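Below is the structure I would like to discuss, written out as structure tokens.
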């Protein structure tokens, strides 16, 4: 029975199937609302799903110069590690595999899919991918600094008995006692910083310097086609889910109604709202950053916001 | 304490290496004989130390071996002692593993260099010297072994005498290394003058009563001396030259082992002898040095154009992690530092061996000239990836676990002391980790992936005898990453306990009750607490990974018929997309990467590369300045 | 297992790759106009892809100039199957007014099979939408023909 | 950024400005030049359209039949620039560019507009000699005049009246119904315009 429940967790909710479906839903909502913000009708919400299945049916071309194993394995490694990461994040009090990873671990686990894209692209042997690799890495360097500052600020805010924490459970529990951290004025700069980090982490416009399709032919993805590309696109969607779920857990956790399924639904609604606010809105109003602007922006403005939060949490 | 046969093992391990060194010379040009002797020596040392795990690590015994049976007389330790507690054995094992892997690797590797018997003689001397330092219980003996080790290392650095860089690096190494050695010697002399003994245990017991300005000076000198041996900031430029110029199999030793003796020395001096780590000022100082080493070296590494120099700078960066973690003086911090020490030896050894493999196959380690080798050397590329993921702290490899412990330790320390500074140390650690990742992506992109220059069309995978040691190290990297519980229970935990348990160390050498009679403080922490403030379970992660992998695999099998075809052929359809142009050689190599980052930090990076002028005089000046600053700092705050 | 889903999706998410083979830019801006809020081709699933490897539909505009010929042919070749080649405007179909120029080696059908031609100089965005809709039908047929 | 933000949020709650084109039919604006319609019955085979066409989209084929020449005029839209020049030049207004812009085709034939008509053999006023001339036009054409004034070749002439229209001096009178071509020699300034514009090249100078 135990094993069966775990299997359901892994494969259906919140694992493979749910992460896929919800990720595609978030991506669809993102595209639809982006279109509406631009006064367009926009694609149907199912559009990312169509894209995914269409790509599955396409031919997969492996460049003759590629390091084939890395090239083909990278998307799958990225996808699977993302799905596993999704299991560690509490969704409205539901923790499929609690106590196995904390915020810092998730910070690092989220690097695996980015690495998968980087090494996959690098293995394709394309110079566009080379430039994309360089840019993707700069964007990783950019967002890690504010992200760790945010995590430290939240960890300090969730301190219990003088002990700071990285533990997601403790963060959730403390929020149940004190109310969501988003309502804590000291953490609002951190929340804003986190909202800006999410699109960069996901690789969404305007921070998608690594995959700028108009400049460097989608960077690391330039040589991918067919199923591996579909898997990368799916990973992108699941990343949206994980990052918004992480935001929800860090800043909007602890909203309890007493019923688990209702909590989960509320959390998922929060995820959708966070997607719209952090990704769709920034996409609609900002043009793509240049690489060095991105780095500067994240290491000064965004990190500054997170640092202000950390100092406030520490001393106030 | 029963007098078991394993009491002799430490001295035998050291002797095996030294005797091996002399026998190798006698074997002359007979290659097979030479290999057998060298292999046997390192294997004997490794086996002997492995046999000590049970009594020392598990049962918690401390082995004291008096050379020539010169036991203490009238409470004064006159004879030379070997004293092996869990900490010594920890470093000893680490040394033995790295030495063994590298030795087997060099059988094939060193053939290219018109091998003379000198290589293995020096190699085994270096190994024996390191082993002597970590197993010794005598301060002067440590100095002697330090000198043996340093000169062997200098010799090995200059081993490729046809290479002017190697000769220059050896010279720099010699000069700056002598600063460290003389500091240690002077410190030892001062300690001897004050305590009238050279036995570590007894010094440790006597120092609290004799803490005067002379001893403060002695501490500063010893600290700087061992710091120099660990290449901490600002002694790091020598490391870059030496690691880069030495044959890779030697770089493994210099980076993975030699630097660890410095760390070992710092632990012994500051935790054991002077027990200064209880002071906030000393903690701050060590953490500061660690952070500076970490950050400066990682940014220097990002700027390098040579695979091995890049790795060399990373060595110091990782030493920075270890020092930072040790400077926290909490059980978790020490455990994290020690864990990182063993991980660093493993993954840096692995990386240096892959760099050696690249050099062996292509004849260069210059990043701009290489590219696309993963197609020709798939196993080396896989090994490199394991090493790169380990050092950049990608779960579930080993670097992540120790770094994670360090983050926890620093953040916990921050909340304990209420100082936000330690939280910023966590930030520096994470940023360094990301920059580490960046520089290994740079290596990956410019050596193993991307496009391959035509001249490497005939490159072959390295021979099996070179790959096996690399695979062993890779397996150990994975093992230490996914089984941290075993490591912590059987290796790290006892070693951490040993760091904090100096009364036990004293008693083991000087007889029961000696410590209680002479010193009043009984240690930093009564009970080492290894509780973490977060959670990470690599085994479960792997299990989940496998389950999801199976699910994805199943789905892809089920959908196989409806999927598009997978095609690869050497025609223009499958050529790399070049905006429609015919495929051509266009490789984005190391110098072109990370422009956005370099552009923003150009002031800092420019200053740094100017500062690393490559002039020996400058580096000596840095070293002497560091010594002066450390002495002043010690006088001011101790 | 996913046959039906894939078949249905084949016509719903056509990604375009646009090649300018010496066009006067008239057709190109009309193609861009198709993506603007006014015509919003994205609601039909159209999207401009950054690389031929992601594309389903290759849109070629311009008479094939001598300089661009090899590039065009190679790029079209690099698109994974199933793919549809669409000529935008009169030029790639016939070279139009550039016929006979020393530097024009078109039309395109000398080198690759054209699936859909959109006439016009330049075509109205509505006509382009028509043409792309036709192209998606062909995509679906090609996907079906594979079985 | 703030004004953009306001714009984006207001866009979210206002009606999209997208046209419903593929689902809602749409007319092209007046004056739009789209698909060519060829009124074959009005064509007089002057060939002016073919000559002025920049894209070379117009071609003519003729088949000899008993009743006369069966002439097919082909407009290949795939080569057309929709410049309207052919329609402008067509004296009989046989060519028309409509507002139909749905010019999408899978095969080349769908982009071709054709019209076929019969050009009857002249039955009435044509003298036998003219008939002979028509069959062998190269053999016996009219000779150029020594004074440099134009001469008509009745065998070739289709009486399109273009020369009369273009004549700057008004020296030419052409009656299409009566098939006459007369030159007022006093008025003629021998400028050669009629020679240049004649689509059939039947004016010799």
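Every chain is named by a letter (A, B, C and D) in the order it is written, and numbering of its residues begins at 1.
The rule is simple: contacts are C-beta pairs under 8 Å (C-beta built on N, C-alpha and C of every residue); 3 or more make two chains touch, one makes a residue touch a chain.
What you see is a predicted model; the values in this text were computed from it and never measured.
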Chain nearest the global centroid, as defined over all protein CA atoms shown: A
Mean-CA-position distance for chain C and chain A (Å): 34
Distance between the centres, which are taken as Cα means, of chain D and chain C, whole angstrom: 32
Chain centre separation in whole Å, for chain C relative to chain B (CA means): 58
Averaged-CA centre spacing for the pair chain D and chain B, given as whole angstrom: 88
Multi-chain contact sites of chain A, meaning residues that touch two or more partners: 35, 38-42, 56-61, 128, 217, 222-223, 226
Residue numbers of chain B (touch at least two other chains): 559, 562, 564-565, 573, 575, 577, 579
Chain C residues counted as touching two or more neighbouring chains: 2, 6, 37, 40, 43-44, 51, 53, 78, 80-81
Interchain contacts, given as pairs of chains that touch: A-B, A-C, A-D, B-C, C-D
Residues of chain C touching chain A in the complex: 2, 5-10, 12-13, 15, 37, 40, 42-45, 47-51, 53-54, 56, 78, 80-82, 143
Chain C partner contacts - residues on chain A that touch it in the complex: 31, 35, 38-44, 47, 49-54, 56-61, 128, 212-214, 216-218, 221-226, 229
Chain B-facing residues of chain A, complex: 7, 10-11, 15-16, 56-70, 76, 79-81, 83-84, 87, 97, 99-105, 107-109, 111-112, 115, 118-119, 122-128, 130-131, 133-135, 137-138, 140-142, 144-145, 148-149, 152, 155-156, 159, 162-167, 209, 217, 222-223, 226-227, 290-296, 299, 310-311, 314-315
Interface residues, chain B side, partner chain A - complex: 372, 374-375, 378, 381, 385, 389, 393-395, 400, 404, 407-408, 411-412, 414-416, 420, 423, 426-427, 430-431, 434-435, 437-438, 441, 444-445, 448-452, 533-537, 540-541, 544-545, 547-549, 551-552, 556, 559, 562-571, 573-579, 583, 586-588, 592-597, 599-600
Of chain B, residues touching chain C in the complex: 555, 558-559, 561-562, 564-565, 572-573, 575, 577, 579-582
